[in-house]
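Letters are used for the chains, namely A, B, C and D, taken in the order the chains are written, and counting of residues starts over at 1 for each.
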Amino acid sequence: MIEEKFFKHPSFFPKTKPDKSHPIKLYLFAWLALFILSAMSYYVDYINLEGLIRWFLITILALMKAGLIVSVFMHLAWERVALIFTILLPPIFLILMLAIFANEGNAINVIRTTFN
Amino acid sequence: MMASIVFAIFTLLVIVFNYYSIENDFWFPELASNWGALDTATLMTLIISGIVFVGLSLFICYCLVRFRHKENSKAEYQIENNKLESWLAAVTTIGVIILLAPGLMVYSDLINEPEDSLKIEAIGEQWTWSFRLPGADGFFGKTHPKHFDLNNSFGLDPTDQYAQDDILIKSNILHLPIDKAVSLSLRSKDVLHDFYVPQFRVKMDMVPGQLTKLWFEPTIEGRYEILCAEYCGIQHTNMRGLVVVESEEKYKKWLSEQVIFANTSIDITSNSNNQEILSGENLSISLGCIACHSLDGSKNVGPSWKGIFGTERTLINGTKLLADRLYIEESIIKPNSKILMGFAPIMPIYNLDDKELDLIVEYIESLN
Amino acid sequence: MNDLVKDWSSDVSTFKIRWSKAMMWIFLISDTFIFGTFLISYMAIRLTVVDSWPDTSQVFALHIGGTEVPLLLIAIMTFILISSSGTMAIAVNAANKKDKKKSGLFMLLTIIGGIAFVSMQAFEWTKLIIDEGIRPWGNDFGSQQFGSFFFMITGFHGLHVLIGVIYLSIVSKRLLAGRYERIDDYQIVEVAGLYWHFVDLVWVFIFAFFYLW
Amino acid sequence: MQNIQLKESLYEGQKIHHPKTWLTKYIFSQDHKTVATQYFFLSLLTGVVGVILSIVMRLQLGFPGVFDISPDTYYQSITMHGMIMVIYLLTAILLGGFGNYLIPLMLGARDMAFPFVNMMSVHFYALSVLLLFTSYLVPGGPTGAGWTLYPPQVLLPGTPGYDWGIVMMILSIAVFIIAFTMGGLNYVTTVLQSRARGMSLMRMPLVIWCIFLATVIGLLAFPALLVAGIMLLLDRLIGSSFFMPDIFQFGQHVTNVFGTEYEGGSPLLFQHLFWFFGHPEVYIVALPMFGIVSELISCHARKNIFGYKMMVWALIVITAISFIVWAHHMFVAGMNPVLGFFFATTTLIIAIPTAIKVYNWVLTLWKGDIHMTVPMHYAVGFIFTFIIGGLGGLFLGNVSVDVELSDTYFVVGHFHVVMGISPILAMCGGVHHWFPLITGRTMNNFLGKIHFWGTFSGAYLIYIPMHYLGLGGILRRYYDFQGLAYVSDSLKDMNIFITLASIVVGLIQFIFLFNIIWSYFKGKKVGKNPWKATTLEWQTTTMPPGHGNWPNNLPVVHRWPYDYSVPGASEDYIPQNVPINLDTSGENSNE
């Protein structure tokens, strides 16, 4: 029967407040981790690492920090999969944009350095 | 019923118009370069899409007649037919590939210029063209926007030894030898322009602060207009040039008459009156005055220079005054202080020194 | 994964979260695109320009007793913003436990952090404009786009922080006034928290790609 | 009996503020229906201005020199016409108007998720329109750089409105983006979070799918325009040079407002940013048209839309790809030529899902029971014009063909068929279809048919010739064509013909406006659900729906939205909220 199908459907009584009773310890840990990561990225600049290694470290550290903030502070880790996917998919377009713009910028730079 | 018939009529009208436009030359201009491939690609797309359009349209018209509402007629209940739809998708994909593949091949030719091509640089500015050839050494001298000034309208680096023998063509008429691949480097001094010769088919924007490339091979002797295809300000329409395709020897002769960079930029120093008129003319060209002020009395964005000197002019506010030396100098330095009747206050301010002012005014005076 | 399909094919509500929270998340995605586009344009121009890009650790250095400490101020600002983010997280956690006092207290701490951040940024701007002589149309260190991009990106981020401070003040005022207690609904604190964490998130990338890169 | 009182927790925030005064009823109303009407009339108003501007242009082109239209006026008209039509008319009317009206009703919600934000959205939109038109009052008039606002000419003398017109334009756009974001967040949240019980995503009418996806595109694409606008504004106001390289114009080096020279910027960056917004914008306009037409065809052919699932997936694919095709507007703009291969390929790939949608519309007509009502006229006409437009896209997307055709009248013809005539047909069809729902009266059929045939034939007579002019290499944005050797003499007559045709079509549009007003007072009164449609908006207890849409209980949805001509059913349509077990068509109902 159709009614049963509907009433049994989980979406009828959604958890309007997903369970977020995490211990404060978790936040303090994330907090500490963020400090350490920031200090590390600051240190990368302080000891004047150059070239690929510098860029690699900076990017990795930034992404790790971002991951911590989004997943722990913004609770995304404990959200439903549907939401997580919706949040994480659109930035793909930004990555493609980045690739194209980088290519374009390089091309123009080459032109300018060779012909001026 | 009626509706579908009218729809069908309009569909066929497209085909009719196809013939009409071929009759009336709304069709590819005469081809004068090696880029017939572009026409082929376009024509192919036109035919395929034309067939698809007529087919689909007539099918719709048929449906409208065949399945129009009648007494107790009832529609068929079919939710979907994945087999049919995947077939249609597959056919469309094949069609797209058929269109795309040749296009990409032509494009790869388009962006790879031949090695032995004739190197020419075209410079666009509001609203005229000028050209530069590498000269005897076969190398372009370095250029930089910061070198631009009234005597160095190509922005060449004076210290570069390659630059000295570069051939500068300040007029907007370019001569080309026939059946020789030409690769153009395109530069712009001010805003976006686009080098376009309809008979050569290809076009490419000129972007300030960078350099774009374009190549073609003229195949028919003749004189063809150069047009600006990218909107570049109110005189966009009047930004025209001329490319003359001629035999090798004629081209050589023309080339030998052109000045090289080392011999330019001497005009302003000399003093004889005749010299000044000449260099005033050059000045007015390099300043781009003549883009807005015609020399033959015809009305343009700005008032024509022919025969204005010493005549009485009427301003917007109705006051009349004599177009003497002072008035003309003021109109150059503070253009929007006195606006002529029937013209818009759009002239930019030119801060020229007294000598240059004199040259311009002398030149205008000489046009009487 | 099964959960994913079930949610998307369910009726009524896809995400099973409150509307305000869903709206904030969607807004944050849109805002991500704004900041992403800012940073990508910055990258494109920095790749394009011919003259060298200024050495940031030299530009943003701070002189402490004669010795030059690179990026000190920025490090402190980062520290403050992360801390404020942490306090905000605790405030949200307390709000979920319906602990009005604690939540309000930590929100006030967050607001103080935000104000400190903005004022330090103001100090940094004045230092750069007056001492270093950096202008949108040029500077003594290198490419002239440096100044304009710095003022544009940090300015836009600072604006976000400022809005966040105002937003949080309103929320905390209502919280302490007991409005949410009455309707027994502390959702809005969590929503405000999302926004604040996002501001922090953006700063992470600005710090990495503008100051350190 | 299926309408079970829902738990409050599902519908929190749905406090219905019943209007007290005239002001709160018509100006500061939070009712999505009123907001939609406000959007509708405001955008129609700007649209009228846009039409007048286009007539100004055509007069110059048809009769050069006769009407004494200066180049400034001409190029300012081009710019304002483009901006108004693309952003302030189409985006606003399709999402703000139709979206606002239909989403809550078709989903079985009481109102938008955030009625107050919704109200703010329409007020910000009004402000942006105001700012747009004040640019006619600033010194130098509105900007005349073309709707693409390309630097550097947009900031340089030699282009009209280079000093203050552009500033007003950017401010107006920024305000519009704020307004759109407010509205967009509402639409997305409402669609995702407050559907009726039983209304799963795969049971949503296609028009809601389309408006939803168009809004998503907008929320992700408008940021690029905002950023580009901000950077352009800074170039103009604080002397930065993001887009301005070193420029030597009229014999002098161009300086910014602080007297220092521009240096090192990249004009191409703006073009990339602009088109990263600009191409998705095409789909922001196109998808809602798709949706409206799908509804009309299905309802008036009394047949379920063919291949509903395929249609939805096609829409999603189009949405995704629309973000990675933008540079096909820049094939000859001087970008790195290698990118041409990538963007040509993606562009032609997007043609496939679009074609599938067209096939499905045609297949919906096949073996249907077609009532040639006025809305059906519009819908079928849309299919014709859209086929033309789509095929034109095959030319311009294919890079080497584009090299030959870009910047010619082929482009003008193409995007006017796609974004000029097709939206008009879809919009007017939608208005004819939903007018009874809004007012309780039908629109006048006779006037409707006059307007349809006028507009439809106009589409052919104006824009088909333009395609052929493009083949002939006639360039767009030209003030006049005098003294061009390669242009045939018959171009003059053709321009006159097009001008006359466009004037007629322009005037015919006023018949439609008159029809709306006339029918509002004098139109034939009709009962509930005159078209016998299945979707929820027609199932409200009162027509037009009252404030809050559903007086006591929210409806419960039991079937997909296209149960037309179900075998064995008593009527040839079964509304979405009729339980399946009350009817023999359960097994057919596309569960």
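We take it that a contact is a pair of C-beta atoms (placed from the backbone, for glycine too) under 8 Å apart; a residue touches a chain by one contact, two chains touch by 3 or more.
On a predicted model such as this, the values are computed, not experimentally measured, just so you know.
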Requested in this report: Could you tell me which chain's Cα centre is nearest to the average position of every protein Cα atom shown?
Outcome: D
Report task. Name the chain whose C-alpha centroid is farthest from the C-alpha centroid of chain C. Result -> B
Report summary line: Per the C-alpha centroid definition, the whole-Å distance linking chain C and chain D comes out as 35
**Report entry** Separation of mean Cα positions, chain D and chain B [Å, integer]
**Finding:** 32
Requested in this report: Express in whole angstrom the distance between the two chain centres, defined as the mean CA positions of chain A and chain C.
Outcome: 14
Report task. Could you put a whole-Å number on the gap between the CA centroids of chain A and chain B? Result -> 47
Query raised in the report: In chain B, what residues contact two or more other chains?
Result: 144-145, 209-210
Query raised in the report: When you check chain C against every other chain, which residues touch at least two of them?
Result: 8, 10-15, 17-18, 29, 33, 36-37, 41, 44-45, 48-50
Report summary line: Among chain A residues, those touching two or more other chains are 6, 12, 14, 16, 90, 93, 97, 101, 104-105, 108, 112, 116
Report summary line: Pairs of chains in contact here are A-B, A-C, A-D, B-D, C-D
Requested in this report: Please name which positions on chain D make contact with chain C in the complex.
Outcome: 10, 12-13, 113-114, 181, 184-186, 188-189, 192-203, 219-220, 222-224, 226-227, 230-231, 234, 238-242, 256, 258, 260, 263-266, 269, 272-273, 276, 557
Query raised in the report: Can you name the residues of chain D that touch chain B in the complex?
Result: 70-72, 75, 144-146, 150, 152-153, 156-160, 245-254, 264-268, 301-304, 306-310, 332-334, 337-338, 340-341, 344-345, 348-349, 351-352, 355-356, 358-360, 362-363, 365-372, 377, 380-381, 383-384, 387-388, 391-392, 394-395, 398-401, 403-408, 453, 456-457, 460, 464-465, 468-469, 471-473, 475, 477-480, 484-486, 488, 490-491, 494, 564-567, 572, 588, 590
Query raised in the report: In their shared complex, at which residues does chain D touch chain A?
Result: 2, 7, 9-10, 12, 197-198, 220, 266, 268-269, 272, 276, 323-324, 327, 335-336, 338-339, 556, 558, 579-581
Report task. Spell out the residues on chain C that touch chain A in their complex, using ranges where they run on. Result -> 1, 3-4, 6-8, 10-18, 25, 29, 32-33, 36-37, 40-41, 43-50, 57, 70-71, 75, 78-79, 82-83, 85-86, 88-90, 93, 96-97, 187, 190, 193-194, 197-198, 200-201, 204-205, 207-209, 211-213
Query - Footprint of chain D on chain C - complex, ascending - result: 8-15, 17-20, 22-23, 26-27, 29-31, 33-34, 36-38, 41, 44-45, 48-51, 135-138, 143-145, 147-149, 151-152, 156
